[in-house]
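Order of writing sets the chain letters: A, B and C. Residues in each chain are counted from 1.
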Amino acid sequence: MIICAEDLTFAYNDSLMALQNISFEISAGECVALTGHNGSGKSTLVKHLNGLLKPTKGRILVANKDTATSRTAELASQVALLFQNPDDQICKQTVWDEVCFGPQNLGYDKKKTTTLVQEALALFELTSFEKKNPHDFGYSERKRIAMASIVAMDTPILVFDEPTAGLDSYEMSLLINTLKKLQSENKTVLVISHDMDFVAENILRAISLSAGKKVFDGKLRDLFEQTDLMTESGLLHPQTMQLSKACGLYSSPLSTDECVAAIAEQLGQPSLPNA
Amino acid sequence: MSLNRRFKEDFTTTTVVLMSIAIVINIVGGQLVSMLKLPIFLDSIGTVLVGLLAGPWAGGLTGLLTNLIWGMISSPVAAAFSPVAMAIGIAAGLCAKYGLFKTWWLAMISGVIITVFNAIVAVPIRLYMFGGITGSGADFITSYMLALGKDLFGSVVISVFTANLIDKVITAVLAWGIVKALPLRTTTRLPRAKNVVSA
Amino acid sequence: MAPNKTTATLFIDKDSWLQRLHPLTKLSYILLTGVAAYGGPSSLLYICLLLFCNAVITASGGLLKDTAKALLRVILPLLLFMIPIHSFLFPGNRTVLLEFHGMIVYQEGLLFAISTLTKLTVVLIASFLFVFSTHPADLITALSHTCRSPSLAYLLGSPLLLLASMRERIETIQAAQRARGLDVDGNMFRRFLSLAPLLLPLVLGAIVEVEQRSIALEVRGFKSTSIKTSLRKLSDSALQRFCRWLMLAIAAVVLLLHGLG
């Protein structure tokens, strides 16, 4: 188990329990979606992975190390965490330097840094911007720069806090490609997202929080079956499921392909034209 | 001419908004260094920035107002030093005007010049209002100098200079770095920025 | 007019005559006490008289306890540094007062320290009186009316509103950079190096926003010649206006005499 939370409890102050008795395990190479309504404690939870927050009770082990007793600067070589707002981290004059920041902090040598940065820039199609000032671009480009700077750190675990917010469909496809590449490299990925279309299409397992408690942990498909839980967590079913339900189909397709197949089956055709 | 008219000519809305943000940056700078446990003040970074981006008068006013607000919300002693903060802004603006913020090492020289301006205004206030002692770390330097047999004036000059030198040099270099890192669309709106970033 | 708890100020919400006084009257009073303490005769008796006057005014406004507490916080560290340093090391020291294991306390230094501290106390009491009894919004209203400048009102008022969100933002930035491996609790050199990555996101973000903020202001008619009637009403009177001029005149005379003498 690369991540192992045991009875994790955290309070910002005495009155408010942000996390209560949360336990889960994630094995290396898994890709997990963390869902739940605003303020349910998702960001608070992931800040425990690299020791930015220390549990009030319980513990969390990352690569068998207790994060409460390790320094964040060291844990950063295990866990890279992307914050919601790219402007909270952009501090360099060029896109290149910005993406170099993480790898340099981790003490990678020049050759390794260069390779990693080039790869990350290419993943987010930023190579032609590398000499430009990050602040010369719009919000979604800055978000891509921030994502590239996290990916370039080449850590075994990557955490994205709401990466899909503010991205257009093209940028979304870049993110999806990145997730696929990370999976192929056997990296562990945790994605916080409200976007159920994005999650359903790309991720198999979900952990869901509500008011600081873990209310679901399992296959995403099972989460979608539990309508009460979906409502409680403030989540919408993906459009593919909504569509198939509206069509009176019984299956619950999670991706476009599955949806097309289900409709084809209903129509009694082996496949649909143009599908 | 009413002050309002003068304001209108000297200060565009953009400058005024820049100044108000710089005042907050000055105050938050202190929070940052205490978070990092660094032995500097960093309470004039906004003032210096306005000096660079909007000229000596705007810079001076930013410093003055920062300490007045500081005096209102935290301790009136800060208000007593508001002329010092004003001198810092004016000095930074003048340095930028004469091209002393073009490179990082010129910015360091500007930091030294700002320290001199700072001392010229701070020493009389320290000396006449506070008898040379303000209850801060700089007092150790003052008393060391006194113990060496220096007079009070000389001791205070030396302690004010040394206590501020590192702070002001770091502030100046950081301010230079910030202006360098500003995006083009912002620097074109702030005409004085070209004193720093040679376009 | 509930006291504003969201912005940190020193204002104490009480209903005394000091609270109702026009801010400029109180500001003139600080100026007068400052000039009187530093420009007047340097006899200790005179300073104590000023001290007594200020104490009476404070007490009549019901602010004695708060002022004493705040004063102690400022004066105590000064006292702890100033008394020993000047007693031992003041350059004018001649007359030995005490000798204790080779440490000599001199009379001149001790007197100098006491006289400086008492003068300072006089001015500090007047200043605390001001900050405790004046809501920042009142000061802003008074100043911007006098200077006929909405810009000045904005410059004094908006920082207080922005402060809380900027303080929060610096915490977030710190977390975001530490997550990228920035070492903020290493040795001093490393901590100095982490200054720029923490400061730049904060300042760049804020400066880039300047444009939008100023457009938003101009759209709302900022800088139109009329000054909008403010949220808080200030009471002023002919008597107060007269007192203000009188205090300023006295201060000017004292300064003049001080300069000549």
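Here is the rule we use: a residue touches a chain if its C-beta (ideal position, glycine included) is under 8 Å from a C-beta of that chain, and two chains touch if they have at least 3 such contacts.
All values reported here derive from a predicted model rather than from experimental measurement.
Peer 1: With chains as vertices and touches as edges, which is it: line, ring, star, complete or other?
Peer 2: If you draw each chain as a dot and join those that touch, every dot ends up joined to every other.
Peer 1: Using only alpha carbons, which chain's centroid is the nearest to the whole structure's centroid?
Peer 2: Located nearest the centre of all protein C-alpha atoms is chain B.
Peer 1: Just how far, in Å, is the C-alpha centre of chain B from the one of chain A?
Peer 2: Comparing mean C-alpha positions, chain B is 43 Å from chain A.
Peer 1: As a quick test, compute the distance in whole Å between the mean CA positions of chain A and chain C.
Peer 2: That pair's centroid distance is 48 Å.
Peer 1: Go ahead and note the Å separation of the Cα centroids belonging to chain B and chain C.
Peer 2: Result: the chain centres lie 18 Å from each other.
Peer 1: Residues of chain A that contact two or more other chains, please.
Peer 2: As it turns out, chain A has residues touching two or more other chains at 91-92, 135.
Peer 1: Could you pull out the residues of chain C that touch at least 2 other chains?
Peer 2: As it turns out, chain C has residues touching two or more other chains at 184, 196, 198, 200, 204, 208.
Peer 1: Using the touch definition from the top, which residues of chain B touch two or more other chains?
Peer 2: Within chain B, the residues that touch at least two other chains are 181-183, 185-186.
Peer 1: Where on chain A does chain B make contact in their complex?
Peer 2: Against chain B, the touching part of chain A is residues 91-93, 133, 135-136.
Peer 1: Spell out the residues on chain A that touch chain C in their complex, using ranges where they run on.
Peer 2: Within the complex, chain A touches chain C at residues 47, 50, 52, 71-73, 76-77, 79-83, 85, 87-92, 101-102, 105-106, 135, 149-150, 153.
Peer 1: Using the touch rule from the top, collect the residues of chain B that touch chain C in their complex.
Peer 2: 2-4, 7-8, 11-14, 16-21, 23-25, 27-29, 31-33, 35-38, 42, 45, 49, 53, 61, 65, 68-69, 71-77, 79-80, 128-131, 133-135, 139, 142-143, 146-147, 150-152, 170, 174, 177-178, 181-183, 185-186, 189
Peer 1: Residue numbers of chain C touching chain B in their complex, please.
Peer 2: 7-10, 38, 74, 77-78, 80-82, 85-86, 89-91, 112-113, 116-117, 119-120, 123-124, 127-128, 130-131, 136, 139, 147-152, 154-156, 158-160, 162-163, 166-167, 170, 174, 184, 188, 191-192, 194-196, 198-200, 202-204, 206-211, 213-214, 217-218, 222-223, 225
Peer 1: Which residues of chain C touch chain A in their complex?
Peer 2: 169, 172-173, 175-186, 196-198, 200-201, 204-205, 208
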